[in-house]
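Questions regarding the structure given below will be posed in turn.
Chain IDs A, B, C, D, E and F follow the sequence of writing; residue 1 opens each chain.
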Amino acid sequence: MLTDTTREKLKTVSTATLSTALFKRGLRNQFIQDVRPLKHKGRNMVGEAFTLRYIPAREDLNRIEVFQNRAHPQRKAVEECPPGAVFVIDSRKNPRAASAGSILVTRLMVRGVAGIVTDGGFRDSPDIAELAIPAYHNRPSAPTNLTHHQALDINVPIGCGDVPVWPGDVVVGDGEGVIVVPAHLADEIADEAVEMTAFEDFVTEEVLKGRSILGLYPATEDRTKADFAAWRAAKGR
Amino acid sequence: MLTDTTREKLKTVSTATLSTALFKRGLRNQFIQDVRPLKHKGRNMVGEAFTLRYIPAREDLNRIEVFQNRAHPQRKAVEECPPGAVFVIDSRKNPRAASAGSILVTRLMVRGVAGIVTDGGFRDSPDIAELAIPAYHNRPSAPTNLTHHQALDINVPIGCGDVPVWPGDVVVGDGEGVIVVPAHLADEIADEAVEMTAFEDFVTEEVLKGRSILGLYPATEDRTKADFAAWRAAKGR
Amino acid sequence: MLTDTTREKLKTVSTATLSTALFKRGLRNQFIQDVRPLKHKGRNMVGEAFTLRYIPAREDLNRIEVFQNRAHPQRKAVEECPPGAVFVIDSRKNPRAASAGSILVTRLMVRGVAGIVTDGGFRDSPDIAELAIPAYHNRPSAPTNLTHHQALDINVPIGCGDVPVWPGDVVVGDGEGVIVVPAHLADEIADEAVEMTAFEDFVTEEVLKGRSILGLYPATEDRTKADFAAWRAAKGR
Amino acid sequence: MLTDTTREKLKTVSTATLSTALFKRGLRNQFIQDVRPLKHKGRNMVGEAFTLRYIPAREDLNRIEVFQNRAHPQRKAVEECPPGAVFVIDSRKNPRAASAGSILVTRLMVRGVAGIVTDGGFRDSPDIAELAIPAYHNRPSAPTNLTHHQALDINVPIGCGDVPVWPGDVVVGDGEGVIVVPAHLADEIADEAVEMTAFEDFVTEEVLKGRSILGLYPATEDRTKADFAAWRAAKGR
Amino acid sequence: MLTDTTREKLKTVSTATLSTALFKRGLRNQFIQDVRPLKHKGRNMVGEAFTLRYIPAREDLNRIEVFQNRAHPQRKAVEECPPGAVFVIDSRKNPRAASAGSILVTRLMVRGVAGIVTDGGFRDSPDIAELAIPAYHNRPSAPTNLTHHQALDINVPIGCGDVPVWPGDVVVGDGEGVIVVPAHLADEIADEAVEMTAFEDFVTEEVLKGRSILGLYPATEDRTKADFAAWRAAKGR
Amino acid sequence: MLTDTTREKLKTVSTATLSTALFKRGLRNQFIQDVRPLKHKGRNMVGEAFTLRYIPAREDLNRIEVFQNRAHPQRKAVEECPPGAVFVIDSRKNPRAASAGSILVTRLMVRGVAGIVTDGGFRDSPDIAELAIPAYHNRPSAPTNLTHHQALDINVPIGCGDVPVWPGDVVVGDGEGVIVVPAHLADEIADEAVEMTAFEDFVTEEVLKGRSILGLYPATEDRTKADFAAWRAAKGR
């Protein structure tokens, strides 16, 4: 379970920093590849993964009428995704048809969902870009999802942008992209990332003052450690 | 022939909505893949397709001197494209050399052409982005078109971004991308898309008020139909 | 050696114009493919290439501890790159892990380096976009470079975006992308590009006034040559 | 249920002919893309699809020890796949690690399974090529599947080579590749394909004798229909 | 016009040697990329290009019935291609549907056509592989061409595998692939390639005897020139 | 240094088995991707890596005359590669021009080199396929290497097919592909692979007799261990 404390911490760190923390634990492949924010609003997206799995569409099973069925997994998933979760779609990295459009994304936003990610593309992307819900995709894609996608499973483990996404994993998005933190590591990764961020902020200030990175980043000189301790004390971090 | 009425209607609907209308008629592949606006100005591009076909360049046939020839198909096409048309280039999805640059695009703009699309790339793309003519491409590309492209045919059927484009087809571009509506369907598709847009606008308003998409989108509940009728009456749409 | 005069000239011309000047000399492949500015600030990046070569990472040679080594080529290169140079990284067109992050790029900026280019991706890309140093990459990439890259050689000839980059070549970046001018041609290419730019500016003005491109671009009519001479006299160019 | 009659018919027709029969019914996307036989032995592979779904591997969940678990889905699936079925693996079109190796494929063969297909690659591919079980993949791949794949679900609908594969669909492979016939159409498609094959054999003979394809293929001339009727009578087909 | 003399010469040289001869004349892009023989029979394919252009298929224009039309460009082209020519298809490098199948290729063979090339794929590829006509494609592809291709133009300039192919260019295929020799250069390229082949055969013999390539290949030592002259005299070449 | 003992052991094991042994040590990326034997002759290729690095060719530096220079790195490398080594070329995964041709490969063969690998393509590939030296590439490629490649460095660390190759690493090729064993691990990996191969051979025999893989592979049942011990005793392995 994602605690409020961890959620708040993850709002203050970058996907780059989280990548390094995961790399140190042998997890090298948690950054969703080739996915970008439709429009970043400066705040991180954080939430537990709630997933939707698509398979390739067969024409006879994906006529326009299928949406008449209230149990259609795409529509059902949109109504069932918990507030605070991130809705993650496995579109098999295929952006040639949409994964979803502005009406469904608006519904997710109204329902309090924390964000939406697909390794395909969204339609109505200019509208979605203006909504107050973070959204990440590969590229805009106008064709209805029925053209190439069939929604199948709700909240099963999936792949998204070459990354394994297990329901309940903690998904974090910033202006750079989206990373998936395994559920059982979320607390410790958040803690470590907050520490690393403090150090990186300190280093950035020093570098802007003209200091060399040698001995500073990483902190191989004792002086660096002392300076950082002083900085933390001064900044209250 | 694209009528003024249909042109005006198509200025008010999205490529996503048009995709769905075409999908209902069995046309699943009319959205030009992997092409984007250099800078969207908020208005749709609408016009009949006027095409230019490139083949791979052979070095001896594509020296810098070829542009001295007034009959060079690229230059000829730019002077012949009718005002109100959309200039569509088949660049074989190759953005490694330019399809055109700012001077030619400026000339098209001055001549009243409605827009320009390539499945390759434009050079001088920062300048083109600021022109008052919509332009869509895959990515910026500085090298002269002679490097990889030889202009060959004017106004023949082509492929562009995996989509068939027949001269006279109606090309519509918005902030998402570009779709090609077969000429004989333009009027009925425009009518249907206007209707669909009204419904989608109604649905969006309802969703923003907190209404579930089940029964609403699509309108499987009678109440939805009644609400929509009332909304249309109130809005005069 | 890049002279100040040539450097200043190259700040006033586009990569598109430079591409054409190189094309005329039989150099068809100097524009770095599929690389874009993180955020273009309106000024050209110009400098001599200082290179860094990556090879694929082997896990045992690329643990997080390797950065403790002051001689690590990535860190060493960042401290050694001359002010005024452009730092160019051969990332084998692999953006799945970062080529560098904001701290190193900040250090380069503070040291007076003219810009940075990779055919991979940067991490902390939103921060880098806001720095006062031009940066070009394929796409944002949060994972630490150790994930897929091992820094190996400093200032050797490399490939970047399918282009040969020899140390000392003159690298020019604008809002469109990055081009590599062989060192021995820099002066003459700069001269020619300045001349071409004057002509293109003249042509653009004429086209905006409504003049046809036939006879104008290229200047196959005597009238064009006369008009251009008059324009130059009037403009003092 | 795949009947013996239909199975036998499908052994005598090509994936090309089946593609056309499916195309006539609006099913345009049933041929598994970019998959080939390791070594074709001249007989068709025919059987009902039994599926295995992979997602990207997370390192901590895919250590070498996981195979100690008898319930590991890859091993479990190999023991559960019914004799006569075709084992189809969704490897997300990723051949960078193996989907399976010769020991598992040998076990499938011994158990009477009709064939195996992956849109990734097999390891021990030279050995598998010599086994008496048809196998289709993208390319050889030595790395253990744990490197990039995690076996997850058994006998759920999957994608394979961009094609939807539903458990029970009838999978047919020949020297060209693999096609997926929806279960409910298997009988009628088999019947039609047998008819089409007779006609194509007749046409081939006529063409070899020097007859033009015009009027012959398709049979738009009455003479063709008469000749074919005579041929069928003579051949007893 | 391809003379019999030149045709015979081109049957004795490799596409590699022809590539070099073209490279010396500044033609760097005449080898059709990513195309291979279905089954090489040890003899070169040589003939003048006769072309067929495909564009992406629009569903309503490519129903199965279109082949009833005797004027359908694919069928018409097969009947019109001159004996001795090579039939080259521009399939836009898309092998997801067939460019042609065994019946049409058989018809071309019977009509005396010298070979067939597509940058897409053939259906019935195991049958085509056994025919006595050289055929080159990207990969086997069972789906009917109507699925993704619309035959449009006969004998116009096209692209095939990124190479410009002008009707009448001389197309040569061997076990390695296919190269396109511009018509006006065919005689001189054939002559030069025959000379180069003699030298390469001599060099190969010398290398097999243990001689170093330095001074031998290229013939920078006088001794090499003398030895080659003696070899030619002895061999009568 | 590769000992004779280790070399002989590595001739008896597969790249698949070696992949697993490396995977157990955390090395997940040592199998060269998308490279295949031109024609496998049934024996493994084994030798220490001797490398050649290519960068993209610049036209003025890669005219046909450059081969007149005896110090040209491609020619020099071919004469300097030690007998028993494997010649590995970094072609940046670009098979659009050749990495080498039959004359150079013949020279390597005569000099006793153990094999040749490129992540690009060979020209004269049908001839190379028949030589008594193992050769691996991506696909045949007739154009001279000067078209896209410039040979630069001899025996430096390189990337080949996304794998790091350090001079002296032990390169093993079989019918499946090529794997790179870090030099310091060669002995222990060879030992372990020989052991694993014995077990896999035992397992294969058992599976062919009808035994389930559960408990057998891996050997989680005591009975398996006992049976294997008996098998080894009987077989003398």
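Quick note on the criterion: a contact is a pair of C-beta atoms (placed from the backbone, for glycine too) under 8 Å apart; a residue touches a chain by one contact, two chains touch by 3 or more.
No experiment lies behind these values; they were computed from the predicted model shown.
Chemist: Quick one: how many steps at least from chain C to chain E, stepping chain to touching chain?
Modeler: 2
Chemist: Among the chains, which one keeps its Cα centre farthest from the Cα centre of chain D?
Modeler: Most distant chain from chain D: C.
Chemist: Quick check for you: after a Cα superposition of chain A on chain B, what is the rotation angle, between 0 and 180°, in steps of 5?
Modeler: Resulting rotation angle: about 120 degrees.
Chemist: Could you please state the distance in Å, as a whole number, between where the Cα atoms of chain A are centred and where those of chain F are centred?
Modeler: Distance between chain centres, rounded to whole Å: 39 Å.
Chemist: Distance between chain D and chain E based on Cα centroids, please, to the nearest Å.
Modeler: 31
Chemist: Averaged over CA atoms, how far is the centre of chain B from the centre of chain E? Could you give it in whole Å?
Modeler: 37
Chemist: Would you pick out the residues of chain C that each touch at least 2 other chains?
Modeler: 28
Chemist: Report the complete set of touching chain pairs.
Modeler: A-B, A-C, A-D, B-C, B-E, C-F, D-E, D-F, E-F
Chemist: Which residues, counting only chain A, touch chain D once they are in their complex?
Modeler: It comes out as residues 25-30, 55-61, 92, 94, 150, 152-153, 156-159, 162-164, 166, 182.
Chemist: Tell me, which parts of chain E touch chain F in their complex?
Modeler: Going by the criterion above, the answer is residues 14-16, 18-20, 23-24, 28, 31, 33-34, 36, 40, 174-177, 179, 200, 203-204, 207-208, 210, 212-215, 217-218, 220.
Chemist: Across the complex, what residues on chain D touch chain F?
Modeler: Those in contact with chain F are residues 64, 67-68, 70, 75, 78-79, 96, 98, 101-104, 106-107, 110, 123-126, 139-144, 146-147.
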